[in-house]
Amino acid sequence: MTLKQRLYRIIFESDTYTGRMFDVWLLVFIVLSIAVVMLESMPAVRELYHSKLISLEWFFTFIFTIEYFTRIYCAPNRKKYLFSFLGVVDFLAIIPTYIAFTFPDAQTFIVIRAIRLLRVYRILKLYHFVRAGNLLLLAIRRSLRKIFIFMMFILILVVMLGSIMYVVEDGKNGFYSIPLSIYWAVITLTTVGYGDIVPVTALGKFLATFIMLLGYSIIAIPTGIVSVEMSRTFRDRTESDKECHGCGEPNHTPTANFCRICGARLDHIS
Amino acid sequence: MTLKQRLYRIIFESDTYTGRMFDVWLLVFIVLSIAVVMLESMPAVRELYHSKLISLEWFFTFIFTIEYFTRIYCAPNRKKYLFSFLGVVDFLAIIPTYIAFTFPDAQTFIVIRAIRLLRVYRILKLYHFVRAGNLLLLAIRRSLRKIFIFMMFILILVVMLGSIMYVVEDGKNGFYSIPLSIYWAVITLTTVGYGDIVPVTALGKFLATFIMLLGYSIIAIPTGIVSVEMSRTFRDRTESDKECHGCGEPNHTPTANFCRICGARLDHIS
Amino acid sequence: MTLKQRLYRIIFESDTYTGRMFDVWLLVFIVLSIAVVMLESMPAVRELYHSKLISLEWFFTFIFTIEYFTRIYCAPNRKKYLFSFLGVVDFLAIIPTYIAFTFPDAQTFIVIRAIRLLRVYRILKLYHFVRAGNLLLLAIRRSLRKIFIFMMFILILVVMLGSIMYVVEDGKNGFYSIPLSIYWAVITLTTVGYGDIVPVTALGKFLATFIMLLGYSIIAIPTGIVSVEMSRTFRDRTESDKECHGCGEPNHTPTANFCRICGARLDHIS
Amino acid sequence: MTLKQRLYRIIFESDTYTGRMFDVWLLVFIVLSIAVVMLESMPAVRELYHSKLISLEWFFTFIFTIEYFTRIYCAPNRKKYLFSFLGVVDFLAIIPTYIAFTFPDAQTFIVIRAIRLLRVYRILKLYHFVRAGNLLLLAIRRSLRKIFIFMMFILILVVMLGSIMYVVEDGKNGFYSIPLSIYWAVITLTTVGYGDIVPVTALGKFLATFIMLLGYSIIAIPTGIVSVEMSRTFRDRTESDKECHGCGEPNHTPTANFCRICGARLDHIS
């Protein structure tokens, strides 16, 4: 096994002791570097420990840079890695510090470093968390189209409701424009209810009552969609315990006697 | 094919290239005209670009007017189109501009133009979005009666709770009248929680706590209704696709080739 | 048919034209009398139309009093009617006006008249609304025990969380006592979020974040309970279409071949 | 039966009249002692009845101390009891009063006494509440892993959203640091919506609208998870009660007397 192959196994896989240790330390560094980004954003902390945080920042950037180049070095397909989702995330995790050093005006740009948190996914991906997560993702992907249509309906609804409230409140009391009224309609319909904009006129309050009850009812719709798809996904998965010995098809309902694909008799082992 | 028939195919159908192009442009015009309505409602924008927005407004009204008369011209049944839901929406989409021009005082009336957004439905209706949407609509229609009864119950509940809180808070602290207290009860029960009216007395806070926990529990009811109806609707739809000609068993997964009960081949008719 | 029987049929039943007319007018009077109670509570309206509202109030009380005594007269079992739930509601619907007349100081007491709204149930009970409502009620009654246990758990949780936040915020910033902190915990956990009390210290905000995410997760529990019970109740109902000709048992699963009670073969008619 | 055994039966069990009486009185004392803790935290009450509350506090502590030592005395395995969950709770329920007496500065520490409420579980455990509760707990435990993964996803999401909003609002309008912005993101995503921090810039409001709609959609996910697991748990429980000895079919409704597949009599073992 060459050095490149050994490095690959440590950095990209987690089936060796060294590989797992690497994952643990990477996780620690990611979390700590996020903590530094957060602390730096707090005015009180920044004033006291600015230089120390900058040093830590450079330390983590240095480590992530080394890791990034090692990943490029030992990736079997370099181009594929560089343009993969996680490859781009790895790049975005280190570049802001260098840019902020070169152009001191681009300070706010440095917040992009929060993207480092996405790197945690790489580590999670290697372990058993992902199986249950994949099941969730599958159920979500299955419901996505229905959720999308629902969202389009909500969008049309809030534009209409916002326009009506703009007229009702006569462009006053926070409802200064239609976009602001739409912002209020979303706050109300989703039951967030900040209270920064509230209806003041009697008619406005009456309409708001109606919108709240509407939101209370339609919150049931995405929940219903996801519940049903989740139920379907989990059931499919459970049923896969019974497997056809003829064609290997794992998807059978619990009371099936024959394979629904090849027609062979199913042995009830499970 | 006469001109009328050709126009009908372009405007009302979407099975030709020209028809699809027409839909795309109509969608663009609708969205842009809504954007104009929104921008016009924003005081800062109105001050700067008032005349430009008015011109754009007239441009879109002109286009929609032509489209409206062409629709009337090529509709197979003119009366039916004129009084259909979408026909009325088409009319309401153009008339406010003319009215606001004739009677300059009726400015707020112009917001009705937001109804143009409903015209998007016409385009969506032509495409595959609608199938999943119909399934949703079917499930919602099925649960409507139960939701309606639930809403009547909620209505009686909020009137009672509002009256009690009006007495408890003694007509003070925002609970100035029973309707206002009902408004508060809806805000609390639906978990919106603006915070513009909050109980101040100890007893009022105690009751509010109880109402919040109640709202937290009964939010489950519409969700339960919709989930169950949705589950039933989706299952009916999936299962009704195939029936075994051997034993009549209707319960098959969508990809099954053989009956899971008697092993007979399934004919893929659907 | 005696007068008593005829009156009973009109007032208590709805299978005749006169009976239905009686229901419609009663419904109108109930809704109008509630409207009077509401209008009277609004300071602006009370000032202008006080005497007119009082007259209307006496008019409705007079009508409901006549109705009450007629009900007593024609009820088959007078004692049973007087102490039934709806009998007590009928009594409470008229008595406040008389008391407020006798003791002018007991003005706030008059709000009890809002209980009149409960009389609407009597009318709904006679019609088809009730069947779907009963199904809902059955599902809710079935889940009540689990919901009750859940509520006890929530109660213990909010007392603990409230006590912790009282210590964390050091009895300041609105968290002046443990009961107030519990009030805040309920507001947060149920996602109502008035914003009248909000954590100010960093630790308090951190804990609040945790409590919000907790509330977001456990809101799923009552929904889950109700969904499952509702699904079970509706399914039971649907399945009752297949009925055993041996013992009449209507409760069979869709794929059953034999009656689960008497063992007779089920005829698959439905 | 020795004194120790008799005491064990009274204190730890509830199958005798004395045992049940003991439970009832313990419940009363726990609830009253919690009431004392709460009253003591209310400034108005504390000023007036401070000495009386202290006396009551010592009374309850005295009773719980006796009970604690009696429990230690009659527990079959003392070490196991002392370090069991409920044993530790019993200890923490009495120790704060002694500590606050010894070190008068540790007043806030006394709030730990709210932990006494957890002792209610001991009594509930003995009765039938627990069976339904256990079913709930089982369903929750089954969904815990999926909920945990979901929470990790939410955590990463709020850190990203908080960082973005910190940049968008430019560290102003309450978004003074990334942790504060994350606090806002949690408030928004969970639909709590205090309104203590709200976006002020147009872009911030636009993003907030998007986040609210996102939160509205993903609230469906934990609900879906719990619903599905709850449905599975309840079904498993119901179905596992009986199995046909004729054909082995395990799927029977709880009240079935005959197998629904082969018609054989079901033995009621469960």
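As written, the chain order gives the labels A, B, C and D, with residue 1 at the start of each chain.
Throughout what follows, contacts are C-beta pairs under 8 Å (C-beta built on N, C-alpha and C of every residue); 3 or more make two chains touch, one makes a residue touch a chain.
The UniProt protein names, listed by chain, are A, B, C, D = Voltage-gated potassium channel.
Note that this is a predicted model, so its numbers are computed, not measured.
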{"item": "Equivalent interface positions on chain A and chain B, same or different at half", "value": "different"}
{"item": "Longest centre-to-centre distance from chain C, chain (CA-based)", "value": "A"}
{"item": "Inter-chain centre distance, chain A versus chain C - centres from mean C-alpha coordinates, in Å", "value": "40"}
{"item": "Between chain B and chain C, centroid-to-centroid distance (C-alpha), Å", "value": "29"}
{"item": "Chain C: positions in contact with at least two other chains", "value": "179, 191-195, 219, 223-225, 227, 231, 255"}
{"item": "Residue ranges of chain B in contact with chain A within the complex", "value": "34, 37-38, 41-43, 108, 111, 114-115, 117-118, 120-121, 124, 129, 132-133, 135-136, 139-140, 147, 151, 154, 179-180, 182-183, 186-187, 189-196, 219, 222-227, 229-231, 234, 251-253, 255-263, 265"}
{"item": "Chain B residues within the chain C interface of the complex", "value": "145-146, 149-150, 152-153, 156, 159-160, 163-164, 166-167, 170-171, 176-179, 188, 191-195, 198, 202, 205-206, 208-209, 212-213, 215-217, 219-221, 223-225, 227-228, 231-232"}
{"item": "Interfacial residue positions of chain D with respect to chain B in the complex", "value": "191-195, 223, 227"}
